[in-house]
Every structure is written in structure tokens, then in C-alpha cells.
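After this come two complexes, each holding chain A, first together with chain B and then together with chain C.
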Partner chain A sequence: MIMVFASLKKKLVGTEGDFFLQTDVEIASGGITAVAGPSGSGKTTFLRILSGLTSPDEGLLEVEGDIWFRATAGKKPELDLKPQQRRVGVVFQGYALFPNMSVLGNLLYASRDMDMAEKLLDMVGLQQLKHVKPSNLSGGQKQRVALARALMQRPRLLLLDEPLSALDESMKAMLQDELLKINREFGVTILIVTHDSSEMYKLCDRVLLLEKGRIVADTSPRKLFVERATTQKFAFKGEILEIKAVDAVYVAVVAIGNNLVEVVVDSDEKENLRAGDVVVVGTKAFNPTVRKFAAKDFDFSKL
Partner chain B sequence: MNHFDTEPFLLSFRLAAITTILLFLFSVPLAWKLSQTRSRSKPFVEALISLPIVLPPTVLGFYLLVALSDRAPVGMFLKEMFNMDLVFTFEGVLIASCIYSFPFMLQPLQSGMEQIPAKLLEASYVLGKSKLETLLHVILPGIKPSILTGVIITFAHTVGEFGVVLMVGGSIQGETRVASIAIYELVELLDYGTAHIYSLILIAFSFVVLMVVYVLNHRYRAPGG
Partner chain C sequence: MNRIQAVVTGIDSSGSLHRVSLAAGDEVFTAITLELGKDYTVGASVEIHFKSAHVALAKNVAGEVSIANRVKATVLELQRGKLLTDILLGSNVGKFYALTTTEAVARMDISPGDTVTALMKASDLYLSKAEQQ
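Here is the complex of A and B:
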């Protein structure tokens, strides 16, 4: 079933001149779709248009069969539902929690539904902190409050703008699991702006890659990363912490996410590598290889 | 001591209280508009409202006196429609002091509102809340220090008002003779003893008010608050 149909156009002001955000996309109900691309490519604007915070210049936006926006070029929109009328869950970059309300207050402000609030607090593990003000919470805790608050209205569509980028790896992993749980349990369709390739891979069933306002790739993360990348069986991005000599060989200590791994590198490889290098650890057949990270390894933060 | 009377003080406080309430109600929507607008007329409106800060009170008082008199259109209109006499009455002084103290209420509210992150408002809107609900539950609680500053300064400034009241209201006992005017009259009557008492009361009052503002501002600025 189609959740979102967005055929929209909006002029954006970029650092290298104006360009058009132009989307022509259908998003199926129930999935998690990543919206990726370099900064300034229109990702956030696309989400803002869906939530009603920004109006496109022209086009059609249909959600679950209801028209939310319709305008022909150069005319006033015939229809442009206000954000208040759309009941979309939004998790903002920087959380946007109400500082004058407690955790529970933030949730209940969204909807006076104590049962739902209790259920969500249990789900994101914030029962103990429900009477605390946001200023006393850690980044990860704030993010969970923002997530829970966005779900209070039981939205059919949940939009997340780089929700996890400011968090450390273990917190990220935990929240990613929570997002998957939320997606399953509530059947909510999720769009998530992210730069993190592992996040796309873990969470998303689809990636929309935006560049200068255009969708330049619309595919599965698997296709985007694995099949296009190499013939390697697996490949992880990591950072070399140290290269040490052990007997006749060299061993590189590489941080991959939370894990530290030791990989044997030969002396030729060792010449090219030093501590602090961002590398790809991969394997063909059995022996792992370590080589310098290159653009073709899909670093979305640098796209 | 023979001339001491609490009436001028009660009158001052009554005037200040009503002025503060009226200005708060009027300033909240205007401050909100001004904090959100990118209109080119914004500096014009801001300059106009701020005029009382720089103008001699006599200038404002003079024009208000002219405008409110029953020979001017405004005064004539009010006289005919509501049978209201504004010159040398409490109501006239009230209007004058509202205009005179307007910037002292508006400016703190506006600058507080300008500092509320747009994201908070958007978060409220996507949660289905109207602009009014957002104003009441997000914006006003978010600018408590500014509200306190605006309310206290407006109140104190109105109590300390002299020139405008004298021009528009004169010195009619129980009607327009507020504390500051009473002091002026006492000095004219060479009753320095009573003038001292009145003046010291006003000094103490003003000092306490300013102390409260600074204490509250420090408290709100403290970390985690």
C-alpha cells in the first residue's frame, strides 16, 4: 500500500546558487526509508515539506489517499494542510524538547493520553526520569524523549532528521534497535535523514539519495553499499589506532564501531598506513585486508 | 508630618497596577508579531513605541493634552461617544502612562520571544497545537524572566512617572495627585519634612524593585534553571 506520494518542486537557495528540490517518489506503507545525500541537498527541506512546516512551490502530496498539498506552477496552492492538521511525528535535529515541561509533560503536551505516555516511557526506558526536566538529561535520553513525544499522537508517518548523529556508538545502536521495534510495533512508516551508512544498512529497506535537490539513487542499502562496492565478502569502515610490530609481521589495531580488532598487515601495507587513518577492513576469501578508505566506499558525510 | 497621607501612594500603585496589566495584555501579541515578522515596517513600529524613552515627558504630555482635550478630534469623539473626559482625570492619566511605559513592557517581551528557538514552535505545531496553545504553553513559560522584568520595570516606571502625569492630569487630589506629584507640591509648599518621607518611601520602593529584578534574573540565568 502506498503511504506517501510526493511529486513536488521547490526552489532552494544554495551556497552555489539556487536549485530546485524536485521529488517524484512513492513510499510504501510500513517501511523505513533513508534520505541521504550531501549537506544542502534538500533532505531536511523534503522532510519539512512532508510535515507541513515548509510549503513547496508546486506539485502534489498525497498521504494515505488524502491530499495534503496541491498547487500548479505559479499559482497559490489549492490545498496546503497546516502542520497541525497532518498528525505527522517529527523528531527534530537537536530534539526541540520543551524546556519548561518534564519528560512526562513533554509527552502529555502532545496528547493527554496517560496510557500511551506510560507505554512509551516503558518502551524507551525512561520511567525513572519522567519527572525530570530536559536540561538534566543526556543527549541519548533527550533523543528518546523526542522519539516518544513524536509517537504520542500515534502518527502514521514518522520523520527523523539526523536523529542519532550526535550520539556515541553504543547509544546509537540501542536507539536503532528501538526504532526497529517502534516500526514493527506501531506499523509506522519512517523516513530518516542520515549520513551514516551502517545506520542505513541496519535500519532501512530503501535509500533515497539526494544531490542538489534531485533523487539520484533510489535503491536498497544492500544494493547501494555491497553490490556496487566490491567483491569483498564483508567490509567495515574503521579507524587505525595503532600499528605494532609482532614478531615478523605487523598488527593494526582498528576501531570499528565499538569493537577493537587486530588485523595482520604486511610490510607493504604498513608503509601506507598510520594511526588515525580511516580504513576499510574487508575480506576476500579468508584473509582480511586493510586499505585506505576511498571515496568509492560511500562516505555519505563527504558526498 | 501634618500633610502625610497615603492617598498619593495608593493612587500611584493603582495607576501602576492597571497600567501594567493593560500593557501586558497588549504587549504580548504585539511583541510576538514583532519578534516573528520580517516586515520592513518593523523598525518604524519599534522606533515609534520607543519614543517615550528618549522624549522629554513634557513633550509627550503636551501632545496628549492637546489630543485628549474636548476640542481635538480624539477628545471630542470620546466625549460624544462615551461622555468621557480625559484631561485632568484618572482615565486620562492612565492612557498617558500606558503610552509612556509601553516600551518598558514591550522590549523585554520582544527580546525574550526572539530568543525562543523556532524549532520549539515548529515542534508544537506538528504536535497539533494551535498558535494560541503554543503561546500559552511554550512561549510564555519560556520567557518567564523577560515577563518578570517587563512587569516589574513597567510597574516601577509608572510609579516614578512625573512629567506626563502633571501635564495630562494636573494635581487633583484623589484623582491624579500621585506620589511623585505630591512631592512636587509639598516642596512648593515648603513642607520639606513630608517631602522627605514621601521621597524616602519612593527611594526604598524603587531600590527593592530593582533588587528583585536583579535577583530573579540571576536565579533564572543560573545553570540548569
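Here is the complex of A and C:
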């Protein structure tokens, strides 16, 4: 069943000139769709348009057969529902909780539905903290409150804009599990803006990749990240920081994300490489070793 | 991952590159590695790790081969796939696996009970400190 039909156009101002955010997309009911792409590609604007916080220039937005927005080019919209008229929940990276209200108060402000509030507090594990003010909560707890509050009005569509990007790895993993639970329990269709490929892989059944306002890829996370047409299954983009001669070989220090690794390069490889080069470090799927993370291992993700 | 208990018998270094000599029972191993922790010293108990895909097999091996590590072994079991076969080997230093093409198994007529030589390149061996008991 089609949940969202969005054929929309909006002019955006970019650092390299104006461009159009242009979508022509159908989203099925009940799934989790990632909206990915570089900064300034229109991801957040797309979510704001769906939620009613930003109006497109023209197009049609239909959710479960109801029209939320309709306008023809150059004319005033015939229909443009206000955010509160749309059954949509929104969570952004900042928590935007009311500081003077308790956790429960924040939830009830969205809807005076005590049963729903209790159910959501149980679900996100905040029952013990329901009378606490947001300033006394951790980042993960605040984001749980924001998530619960967004669900109070039983939205059909839940829009999440990098909701987990400020959290550490273990908190992220817990909230990812909760998002899956929420998706299953309420059948709510979720769109999530994220840069995190493992998050897309774990949560999403579909990825819309935006580039300069256009959807340039619309596929499954597995197809996008794993089943690439290359024999190098284990390949990472990095930058060479240094190449030094050691004995009869060369050792390159390569920055991959936040990790620094040393790679032995042979003289033939070394010919074409120098410090500062952006490279792909790869090996066949047969070579990497996999073992459980041990406390003595240095955890770069905590830097 | 295959594991063999060993003791460090020698370390040769050239800049950040190290050649570690190891003894496991009567067998001698050589590992080439870039990083080497401070606690890898002569006399230290370590584990040699290597992937089954990095083990080559030879039968009636003759002539010179550059591969540093050779272990006499007996074929115990074969797990045959269409393309690859996982071979369980028994040796003086314990059991370990060799992954090879099913084609090679047929060509060499490898079957349980056969004596073979397992070959591992020095740069394919990993070292880790044996767990303290």
C-alpha cells in the first residue's frame, strides 16, 4: 500500500548557486526509508516539506490518499495543510523539549492521552524518569523523550532528522533497537535522515540518496553498500598521511575515517602514491580476520 | 581462525619490520609483522593465528620453495563444496584447517589418512599473546 506520494519541486539556495529540490517518489506503508546524501543536498528540506514546516513551490503531496499539499507552478497553493493538521511526528537532532516540563509533561503537551503516554514511557524505558525535568537527562534519554513525544498523536508518518548522530555508539545501538520496535508496534512509516551506513543497514529497507536536490539512487542498503560491482569486498576510502621505506618494502600510514592504519605497499604500488593522495584501501573478502572486540583494543570510535 | 601455541625464540628487526622466530613442539615457525608489542620478547608464550585460506598444501614436496613455514600433517577430514574444500589436518602442533579449491583436492587426490605438507607464508601469520591462565 502506498503511504506517501510526493511529486514536489522547490528552489533551494546552495553555496554553488541555486538548484531545485525535485522529488518524484512513492513510499510504501510501514517501512523505514533512509534519506541520505551530502550536506546541502536537500535532505532536511525534504523532511520539512513533508511535515509542513516548509512549503514547496509546486507539486502534489498525498499521504494515505489524503492531499496535504497541491500547487501548480507560479500559483498560490490550492491546498497546504498546517503541520498540526498532518498526522506526522518529527524528531530533529536537537531535542527541543520544554525545559520547564517533566518528561510526562512534555508527552502530554503533545496530546492529553495518558494511556498512550504510559505505553510509550514503558516502550522507551523512561517510566522511572517520568517526573524528571529534561535538564537532568542524558542525551540518549532526551532523544527518547523527543521520540516518545513525536509518537503521542499516533502519527502515520514519523520523520527523523539525524536523531542519533549526537549519541555514542552503545546509546545509538539501543535507540536503533527501539526505533525498530516502534516501527513494528505502531506500523508507523519512518523516514530517517542519516549519514551512518551501518544505521541504514540495520534499520532501513530502502535508501533514497539525494544529490543537489535529485534522487540519484533509490535502492536497498545491501545493494548500495555491499553488493557493489567489485572484487574488493573490503575497501575503504582514505588519505595517505605518510609513506616510509622499511627494509625492502614501503609502509603507508592511511587515515580511514577516524582510524589510522599502516599498510605495506610494494614498490610498484608506491610508484604512483604520495602523501596527501586520496586512496582506496582494499583487500579480498578472504583476508580480513574477525574477532570479538576486547577491552585492550584501542577504540577509535570513542575519540 | 587456526591457532598454534608457540614460544618466541628470536626477533630480528629492520626499522618497524620484524621477523619473529617461534617454536611449537619440534616445529619452527617464522612470522613477519609490522607492529610488535613490547611484551613480545624471547621466551614469551604466544599464539600463532592464520586463516585457513592462507594455507597451501603439498604432497611429496621436492625442490626448493620460498614459503617459510612448512608443517607435516595428516588429512583427517574433508568438507567438500562445489568450488572450495575445507580440509582438517592433524599435526604435531595440533589440528588446523586448510581451505583449497576442490579442483586441487581432486588433482592431488587428497583423501583422509594422506600425509601432506602445509605451507604458510611468514607474512600470513598473525601473532597474539596467549591468554594468561
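As a convention for this text, the second predicted complex is superposed on the first by the 229 of 303 C-alpha atoms of A that agree within 3 Å, B and C clash if a C-alpha of one lies under 4 Å from a C-alpha of the other, contacts with A are read in each partner's own complex, and residues count from 1 in each chain.
One rule holds for everything that comes next: a residue touches a chain if its C-beta (ideal position, glycine included) is under 8 Å from a C-beta of that chain, and two chains touch if they have at least 3 such contacts.
Every value quoted in this text rests on a predicted model; they were computed, and no experiment measured them.
Enquirer: Touch check for A:Ser135: first (chain B), second (chain C), both, or neither?
Expert: first
Enquirer: Does chain B (first) or chain C (second) touch A:Pro99, or do both, or does neither?
Expert: The answer is first: A:Pro99 touches chain B but not chain C.
Enquirer: Of the two partner chains, chain B (first) and chain C (second), which one does A:Val251 touch, if any: first, second, both, or neither?
Expert: second
Enquirer: Going by the contact rule stated at the top, is it chain B or chain C that touches a larger number of residues on chain A?
Expert: Counted on chain A, the partner with more touching residues turns out to be B.
Enquirer: Chain A residues touched by both chain B and chain C?
Expert: Touching chain B in the first complex and chain C in the second, no residue of chain A appears in both lists.
Enquirer: Per the contact definition, I'd like the list of chain B residues that touch chain A in the complex.
Expert: It comes out as residues 117, 119-120, 122-130, 137-138, 141-142, 224.
Enquirer: Touching chain A in the complex: which residues of chain C?
Expert: Chain C residues touching chain A: 1, 14-17, 34-35, 49, 51, 53, 123, 126.
Enquirer: Can you list the residues on chain A that touch chain B in the complex?
Expert: 51-53, 82-84, 86-90, 92, 94, 96-100, 109-111, 135-136, 149, 152-153
Enquirer: Give the list of chain A residues in touch with chain C in this complex.
Expert: Residues 244, 246-247, 249, 251, 262, 264, 286-287, 289, 291 of chain A touch chain C in their complex.
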